[in-house]
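Chain IDs A, B, C, D, E and F follow the sequence of writing; residue 1 opens each chain.
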């Protein structure tokens, strides 16, 4: 069961309206590496999980991503300001000005509606956690790109917070991943010769070789310097 | 901010596995009239609302729909059982058997991924509430269709609960709609002659006439017999 | 059977070319609340309807929406002018300039192709009519937004006409809806306690209460002041 | 302006219900080579055409395709019968049984909603007519595949009629194509050496050679045996 | 089996960065008439082909289109330059600036992701070749439109090469088409009266007539002046 | 530049036709974790890469995935057999029977067309490699699921080969990932307090804690037992 608290997870503010940047920011609401994607990916994965520790982790983080959605949406609202005038903008989707009355839409920055095709959910814990680790890394990258393209201090504070939260989730997912040993897709790794061959199909250039003793993925312990 | 309570809003059970029916039920998770659509529609609409009463209503119901998602997902889990064998099924999407390890996917019954194109959000309160009233009616209709196609008592109890909740939301949205008067798109209704004409373009047959004094939509008071 | 008359339902004109605004206007051709969506929704719903009065109404209005499509398309043509130069534009989709030779495309203002996912068709008359009433309201809202963002008198005349026609359709659909009594999804409304409960899941704030005697939707008589 | 006549272009009948085949047939309503695609492709292309002969041809055929849609939809209705029971079917989409109350949906046979991405519209008459000729050929192919998979005499009569109409349209589009000479994309064909080279990139095997004197496409006169 | 040679099929260069034009050019990477579509269409069609000559032709051309993709992608890279600043652009999709770090995305110029719905593959050789001939014609048209909208000499050289290659493919596909005689969908053309009728459904205007002796499509010999 | 060798990377065979299983197998051609997705993801990522070692690795593997596509497509062909009769099948998409003449389509097992929305490409090497490692893991999982659901020895041999190749790619991508140090998104990890907090938003249950010294992702050396 979900409950909602009208207090934002962290308050947001902007120095001033910036409808062009509002379109860019929208990507982290309804784009492929945005908060909705993260929330629904972890939610989807959680529905069939047996392991209670990892299920709890998924629900904690999914709830937080739903809470991030509110922060991003409210930032987009403030950036959109109060003037319904598409002609004043020149970057990204115009749907908010044409059909949305400036409300934040569930699309990416170019107006492509969010799609369930973004969701990775395999029912295999190792695969799902790797999907989540890579998803959090991509989310961080997008926040870095967005950060560079704005000087607004309020927006930068919010991005900085969200970016750091993606790092935290990333670290936690790796911690969970390392709790798995020889289960699911991590089993029987590299047992046939086919898993060791290197096909050098692009020429010229060959920098990698046959794999001697391939192992299943495993991260260095996240909390320890490597 | 969203918080999650591991207790389901209402417990679910099934008499036994039924992977074919699991596919049908999936439509109310990731289909056009399903719980995810409802949750995200009300969430999207709420982000820019000023009226605190209606914003609260939207958040109450959005939270409940997120909670319904869990109930539907868990029902699908139980119906899917524990046998990964697509060949035993013959109705609807096979993605859960092919790529999902039996996890419930965010698709409709035929495997089409959920899309943001389902969301109606205009930033006009009257339009948004009418969209919500019609959405709840369609959700009820789908639950009625699903109810007829299963004898499983556990599933029927869950559907019965969810169907009645859609009625409650429907009634509440109408109550909220009737609080609006002459605002937004309800203003200036029927002021030109063009809004009164009847074009009889399909022949033979004409059963409706010129409109004498068209009025903006308004519902009979939901709590009172009409 | 459909027949076509080369005469537009109502002639259109523009004061002058405006390729940026052409992109915005395109939303009412190929967007979620546009004329194609309306035409195909009513057409789809009509295919299985038994009630001959409502079937006739659906066909009358679907034919009119197909005729509106021509008006919008011709307006977009005139606004696009004759210069194939994407660099002169700065708002919305550039597909007409890149692949369409300035022809109006079946996409929204940001270039997302029209999708059947926009169509609401349940086979339940009450649900379908509510979907249509809400669709007409959203269409009106979009025309209002578009009207505000242009000074061109010719475009405004066309929008004014189309906006008023949506009001007419809206009024007629309500008239048809009120002819339904206790049929389909309107039956058995509010019979269990579950349909009366209010879950106050978002805090703080509670403005609505338990529902005493919920009734199925019914509109005030459209032709009479309420 | 479009007008509708309640008389079908040609009456349809079926020997008996066949919900599985109804799903297959649906592809010609809402699939990539179906009647809706044809209608909207010719409609889209017509909107900006100057040549009045070809514009008239496009409108004649677009109107006919809209009329074919009705024939296919009514055939699907009859094949679907009156039993809402998805479990009795085993082939193709189940959306009509889950959310549509047996109404024909605008999807292909596997439930993928119709998309504007199917439409080819370039604003170049030669390209558009070639797109239409190939579209009609594909439509014929699908009707042939469908014909082979049913014994129902009523359905076969309808398919036979529609298949022959696609041939007629195909022939007419070629006639129109041959009226074009050295216009648009047909100009300046094969003027550089690059247009004559043959890159033999897949080995072994080489069956084609350098092109000596490449010409723009042109069909044998359709009405004359070649 | 595919092998890759790091040498481009033909080197590309640009006079200077032009991020706005980069968006337009992107359409020929990930748009409906772009190189990816061409490559995957011919690849898809080839998978089940028996005729070894035509299979070889399809593989030769598919390999070339994959090689064209690299040329277009590298051109987009050069046009994008090195500054990640969406605000400096005003035309087309901003996804490369928001989530892609300036990498070329598989979308059209307005940001719509490439979709398999673009692919025409029927398993009927005549239909597939007609689809390919029309596809090559559309590709040529788009390159013509793009050519007109840029003065950059490097870009124009690349477009000129690619445009001429589409002509070559077009000519070759027609040569292959003419090798087919009375096979597949070319059989039994125009045998019933229904294939000869002209429905004049759009009025006023009638420029075409009954078809006396309709023939299956066949091109003039491409290598010979007609 | 791509060159094609008509020899398959590894020959494929099946014990006998199995059209139902053909649909399942199709997911690895045109589904979210299939060979086309892999090929295009690595291709997309490679287009802007500077590092020549990793670019070479991406091209080697992308070429191999294009070669895997052929193996999967040919397996689907053999499983589809030669009978165009959708009624004989009961699992998954019927498009091959309705519109494809049994040719393998670029869709998933339920008929959803391949979409560019599957592609992860950020222009950040660390993020892209993590995306690739997780993609290869998911591909392995799907092959495991498919393996379990068929007894056909020929199919199992092919799946076994492909599954082991995904392991090889996975191992190689990790080797490449570990060559990155403190670059791009791996920089400045865990520097603010926000990246160390744990929000316990789902109750009851708390199994993870504050993060003391979060580190950027890094894998154990793949070739060495950990």
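Quick note on the criterion: contacts are C-beta pairs under 8 Å (C-beta built on N, C-alpha and C of every residue); 3 or more make two chains touch, one makes a residue touch a chain.
Quantities reported herein were computed from a predicted structural model and do not represent experimental measurements.
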Each chain counted as touching subunit C and subunit D at once: B, E
Contacts common to subunit B and subunit E (chain labels): A, C, D, F
Chain pair among A-E, A-B or A-F whose interface repeats that of C-D, sharing over half of the contact pairs by residue number: A-B
Cα-centroid distance, subunit D relative to subunit E, in whole angstrom: 19
Whole-Å gap between the CA centroids of subunit B and subunit F: 34
Junction residues of subunit D - those touching two or more other chains: 1-6, 9, 32-33, 56, 59-60, 62-63, 67, 90, 99, 101, 107, 110-113, 115, 117, 122-124, 138, 141-142, 201-202, 205
Pairs of chains satisfying the touch condition: A-B, A-C, A-E, A-F, B-C, B-D, B-F, C-D, C-E, D-E, D-F, E-F
Complex contact set, residues of subunit B against subunit A: 1-9, 30, 36, 40, 43-45, 47-48, 56, 59-60, 62-63, 66-67, 69-70, 73-74, 76-77, 99-107, 113-117, 119, 121-124
Subunit F-facing residues of subunit B, complex: 1-6, 84-87, 89-90, 93-95, 97-99, 101, 107, 110-113
Touching residues (chain side subunit F, partner subunit B) in the complex: 20-21, 23-24, 27, 31-33, 90-92, 108-112, 138, 141-142, 145-146, 148-149, 201-205
Partner subunit C, residues of subunit B touching it in the complex: 9, 32-33, 52-53, 56-57, 59-60, 62-64, 67, 112, 115, 117-118, 120, 122-124, 126-127, 130-131, 133-134, 137-138, 140-142, 144, 160-161, 164-165, 167-168, 170-172, 174-176, 184-185, 189-190, 192, 194-202, 205-208, 211-215, 217-220, 222-226
